[in-house]
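Listed after this line are the structures, all set down as structure tokens.
One chain, chain A, links the two complexes that follow: it is found with chain B in the first and with chain C in the second.
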Partner chain A sequence: MDFYKHKTAPIREKRLSTVSAYYGDTDTLLKEYKSGSVNQRIRTFSQDIYSDIQYALQLINTIKDIAIVVHGPSGCSVSRLYFDLAFDDSVKWAVTNLNERDSIMGSDSKLREAIRQVFKAYSPKLIFVITTPVVAINNDDVESVVDELKEEYNIPIIPVFTDGFRSKTGVSGYDVVLHALIKNLLPEKGVDSLSKGNFINLISVSENFNDIKELVRLLNEIGLQVNILPRFSGLENFTKTKDALFSVSVNPDEAQYPGIAIAERYGFHYLQLPIPVGIKNTSFWFTEIAKVLNLEAEAEKIITEETYHLGKYLDNKKFEGKKVFINLPPAYAFGIIDFLEDIGFEISAIKMPYIDIQHLEQLEILASHKTKIPILIGEGQVFEEVNIINQLKPELYISSKADNIIAIKEGIPVIDIETLPVLGYKGVYNLIDKIEKKLYNPSFSHYLSTNNDEVYSVNWLQKKGNWYIKQEVK
Partner chain B sequence: MKKIQQIAIYGKGGIGKSTTTSNISAALAEAGYRVIQIGCDPKSDSTNTLRGGNFLPTVLDSTRDGEKVRLEDISVLGFKGVLCIEAGGPVPGVGCAGRGINAAVSLLHDLNLFEDFKPDVVLYDVLGDVVCGGFAVPLRDGLTDRVYVVSSSDFMAIYAANNLFKAINKYAPSGGAQLGGIIANGLVATYARILIDDFAGRTGTNVVEYIPRSLVVSQSELHGKTVIEANPNAEHADLYRRLAKNIIEQPQTVIPKPLNVTELRDWAREWGDRILQEEEGIVREKASI
Partner chain C sequence: MSQIIHKNRNGCALHGALKVMGAIEGIVPIVHASAGCSIQSRLSENTLSGKNGKYFKGWRETSSTNLTEKHVVFGGTARLREQIKNTVKVLNGDLYIVVTGCVPEVVGDDLQAMVKEAQEQDFPVFGLGTPGFKSNIYKGYEIAVSGIIDNLDLFYRNSDQEQQNFVNILGIIPNQDLFWEGNLSALEHIFEIIGLQTNKLFGLGQGIKEWQAIKNAQLNIVVSPWGINIARHLQEKYNIPYIDFGWLPTGEKDTSDLLRLVADKLGINNSEILIKIKKEEERLKYQLQKIAEHYYKYDFQKEAAIVGETSIATGIARFLKYTFGLIVKNVVITDNPGEEVQKHIIESLNEDTGTFTKVSFLDNGNEIDNLLLKSKPELILGSSLEQSVAKALCIPLLKISSPVYERIVLTRNYTGYNGAVTLIEDISEQILNTLQPEKLKKDYFKTLQFNSTNQVRLVSIN
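Then we have the complex of A and B:
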């Protein structure tokens, strides 16, 4: 993988044959992937879609001591504003506020000025420049401004090339940031990289803080220290990456790109494992890491204890035949499906923002189910989702994005795992606890559905869920 | 209000657009018309020979944030009262020149240029090939009535002309400008004239004037003047006068039928063989005796 020589990350469609528009059964999709040429579909009508800039910001926001310069017209900073309003307004940022004249004459002077201002105002240790479609269309020169000021201020200034239109898959935004971080912050393999620390790199891209805390707790129990990056990290986490024993993924879909790059640069192992969600996957994740360090026995002891308590906790809990709709990114979706099926749930349908060549094994498992499970690929597209919900009438809906509001309005109790920690053993308690509460008392969603008008007209709802998904004609 | 004749002149870079346009402007001004020449090129050198090297800030240069632009800041009167304007644009390798033309033309309208100056003729001298939407602005949305293309007998110039025909063809049905004709310029080769005639014939267009290559033109240009001003009695001055008169007094317009990629390639190949045969002609004639 010599991607890092390039200016920015390749798009997921090229790297992993990622599909971001599909509705149907798993068989067709699987067959296409196996034949070696997956048909890209397009939506002739898009209701709502996330772009790479939102994903990029989601990741960057959590890095410590930073300032962000959104390089584009002020409207392009709306997604940054969203994070301020929805989560945390402590991140320091500015927008270059490009106008027509800048788009004609070039925008480097405004970029220079904006970087100077944020540096003076906030004294960050790190500045990110998020580029937008206007800058991309104009091919504005960001690098030379960044290079010049990097030298002047003696801090890393990192251009993140979020063009907005290169990929149809928003998650590409993570890759773009990861690419930029590796290119700009990871030191070259030096002589001192021979001195290994007693820690591993835990590659976290989108997890919530308590999820990571749980995984670190487990690793600490067998005496292993953890360097978490890039999420929640600071400059020092990047510097010490090279001294780790090896790297391990949390979410393999997101960690693979940096995982392989780090492994190649420093010549140590990148361990890619299924996401540690549910009992089976958590134990597997934990054991595999312990194995590398010959700490299996220690891990085994902890696993036995944890699973014993969990077994007791899960005893007498009845979820047999309960129908659940899963709307999660692929790694989470497959992990949670695996766990929920083990405890008796029935999966009525799955929605994922994207799917790619790394998921064939899991697709295969789904395809072997007696009942065909419909799978909807895409972000937003609430109309398509309502259509499926109306047909299948699930009793529970699990998601991680704000678009779950539509399920609540349809009367389905919703679990949002964006803020609910579900990883590791503790995650199992959290998830089951939440599921029980929601199934026991669904009155909130019932109330909303009976006291709200139907969001869509009958006419709309009579259309097939894949009405707008068409095969791309070349 | 009298009808203003708005004319755009296109053609491949370096083919003599600015020279031709400036000489047409000069000839028209000499004949008593009120003329505006607008250079639509970031190089902003279209009107050089009309204004004798007088400094002229470009339209885009003057649109700094918050500053109010006045017409007198961005225009200067040149030879015989031709109003010279340069749209300007970014320095090479930066920004977007196409969008610049769009913005400059809008600004000129906002400044009531045409209402205030009351021209008879407006000439837009537009950069090169129609590489993107911005450079097509002068021929779109009814901004100009007619377009002329300057071309030599060089294949790349013909190729650029054919591209322009494609753009005219696309925009003409929705109120865009039509083609006034081809101005054949810088002709040297013996076959040049027939070659251009042939191209015009195949695309359903016509040639309005043939201008052979001439030292008088180069010399005038080096003196920073148009031929009309520097060498008013030269044969070429009369050529430009005749061209200007034709354009303004007997305009004919057509919607050209551009050649497609294969047609253009086949046509070029055919001419390539013909030119070669002409060069080798003497040998073959001897052989036939």
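Then we have the complex of A and C:
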């Protein structure tokens, strides 16, 4: 990948033919991908979506000893409040608070002042500068300010070139941060690269803490240490990266971009595996890693024990024919679908914020199902979901990021995995436990569903769900 | 040059406008902006303002053009046309309002032309410019409220010009005021005491009809600096007088003052009303008398610092200082009111010659933290952002202003006579929670015994 010579990451649409608007069957989408020219669609009516800025902030929030400067009008920084208070209030941050005059006269002096202030006030080891739409449109010079102060303060100051409009899908924001981290923090291949440690790089981008803890537990069981990055990492984790045995993905959709870059820079292997969610995928993930190190027998022992207990746990559980609506990012969606089908669930429909060229294999599996599963691609866009849910009447709804009010309104119990650890073997217990509770006592969602919701027009609810998804005219 | 803000707690004009529109039945905002703009508002609103976020009539998700690079280069006007046309088809509503973010403003999209086109098709649509780089959340509130008042006539004619027996409440910003819904109900309850109806404008059952009725009110009551311009505008346009009370009343002094002021202005100040007010005052005193024993036993008379917007911080500070006897050392006002208002707040928090209350006007989280750390209060009333300081000082924090993460607020409020009781209940819980349990004290002495052979170290117990 020579992407890293560039100022910032390519958008997902270009790199992976990512689609963020589609509703229909899996066959059509698969055919388009296979023909080599997937049609970009757009919505002629749309509801609000996340931009790369929120994705970027979410990732950066977990990195240690940092300060953040949001470079833009004050409003561009308020989602920081959410990450600050909901996850970690030790991250220091400021906004340049650009006003009309700054947007005309240029904003570099304010950026310089903001960086100076956070450096003086908090002595961070690392400063991130998050750019915003106004700065991007005005083409304000961020790099030269950063370069100048980097030298003066002798710490990394990393510009993250988010802009809110380049990509149609917010997840590009992860790539923008990852690009910046690799460009600025990963040391060039050193001469001491022969001093290999007994650890692997575990590439985590968006997972929650307990999920990573579970995966680390498994790897530790076979005597393997991990270097987790970039999530929950500090500067030392980046320095250590080059001494790893190899790198492994947690979520392949997110880990691929840095995974390949690290592999190319240091000449070692990047192992990309399906996300370890559910029993099969977890065992596969674990085995594949063990294989590389000739630790298969050790892993096998642990897998046998874990799956034995899980098998007993799942023994009397009956989920046959229960209909579930899945609204998750692709890696999670495909993994959880696989697991839920194994224990008897029927998938009534799938919604994902995006899909891309990496998912053809999984699409193929879905396309081979006897009953066609409708697939809706798009972040947010609850209006389309309501339209679909109205017709499908699922009994359970699994989502993340709380896009779920509408399922509550329809009287369907909801499982939100944003804070529920679902990875590894422990994740299976967590997920099953939640599913059982929701199905056992759905009284609150039933109670709420009596609330008459008049938001969407009858006219719309009677239309086909893909009415506002059209081919993009170039 | 506008200042750099650390730990910024205030959104932009677009967010202020969306908060207004999210709390009125039948109003559907159409956001013309790049992706993320309305999510910024939603993230800070749903989770950080008592979690009672935009749930109104079910919609949280907002119609939005989500402008992309193409629109930045070639303009987004056509995209807006399409979005307006389809929003009226998908979302039920009585009034559709286009609000703009920074991108279309910089690019120069023709908002008014698109709105005019829609109006020609008889759709009830109008547009308001609310780019974040031009103004803040409080201005956004003003723009939205005056915008709705001024444009409503275009679509909904109201022949009835009779003045009726009610007042409008101006200055409460839904979801920026953590307790907005409770505060409005509390004010409604207070004015009932003197036989007045209240036009709340926001919340359950508040839609186009209530907004049409604004011009028939007898009086406007302004409870924050951000309602004054609207009140002046209504006076000029419809000849409605107003009372600028400045903040929300908490406790006997301010609530009774407000009631007497209103009664005076409306000429209903008779002995019967004075008796009713007296009765409410006695009820409040009865409740506060009940805790007197604990007030002294556990020393409730703390040195307090209060951080929040004018509307919430000033009234609470006055009650705690003038009635509850706290030593209110610092009040930090976070919504940047104008100079005149600032002077008024300082004066009303230093009416007696006794303890001096320092009033600061800051929105910079770092400066607020430093001020609190330096002044070392024993109790903070503020937002979740003050948590780190409260932790560092090992003192209780009662969350009364946005942003708040750890608290669910549905109908709770600290307004009026009853609100004062609720406030004291909440503060007491915070203070009692920090008392050292007897068990820990025993453990302390145990440690001392164990160490008795060594040099006894003095360990401070907090």
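Rule of thumb we're sticking to: the second predicted complex is superposed on the first by the 460 of 474 C-alpha atoms of A that agree within 3 Å, B and C clash if a C-alpha of one lies under 4 Å from a C-alpha of the other, contacts with A are read in each partner's own complex, and residues count from 1 in each chain.
Just so it is clear, a contact is a pair of C-beta atoms (placed from the backbone, for glycine too) under 8 Å apart; a residue touches a chain by one contact, two chains touch by 3 or more.
Remember, it's a predicted structure, so these values are computed and weren't measured experimentally.
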Chain A residues in contact: does chain B have more, or chain C? C
After the superposition on A, what does A:Leu98 contact: first (chain B), second (chain C), both or neither? second
Touching A:Gly223, do we find chain B (first), chain C (second), both, or neither? neither
Pick one for A:Asp140: touches chain B only (first), chain C only (second), both, or neither. first
Go through the superposed model and pick first if A:Ser74 touches only chain B, second if only chain C, both, or neither. second
Considering only touches as defined above, state whether A:Lys409 meets chain B (first), chain C (second), both or neither. second
Please identify the positions on chain A that touch both chain B and chain C, taking each partner from its own complex. 99-103, 137-138
Along chain A, where are the residues that touch chain C in the complex? 44-54, 73-82, 84-86, 89-90, 92-103, 110, 113-114, 117-118, 121, 133-134, 137-138, 164-168, 170, 380-383, 402, 405-406, 409, 451, 453-457, 459-460, 468
Residues on chain A engaged by chain B in the complex (per definition of touch): 99-108, 137-138, 140-141
Looking at the complex, which residues from chain B come into contact with chain A? 60, 63-65, 89-91, 93-97, 99-100, 103
Tell me, which parts of chain C touch chain A in their complex? 1-15, 31, 34-44, 46-48, 55, 57-69, 71-72, 82-83, 86-87, 89-92, 101-103, 106-107, 131-134, 136-137, 366, 384-385, 387-388, 403, 405
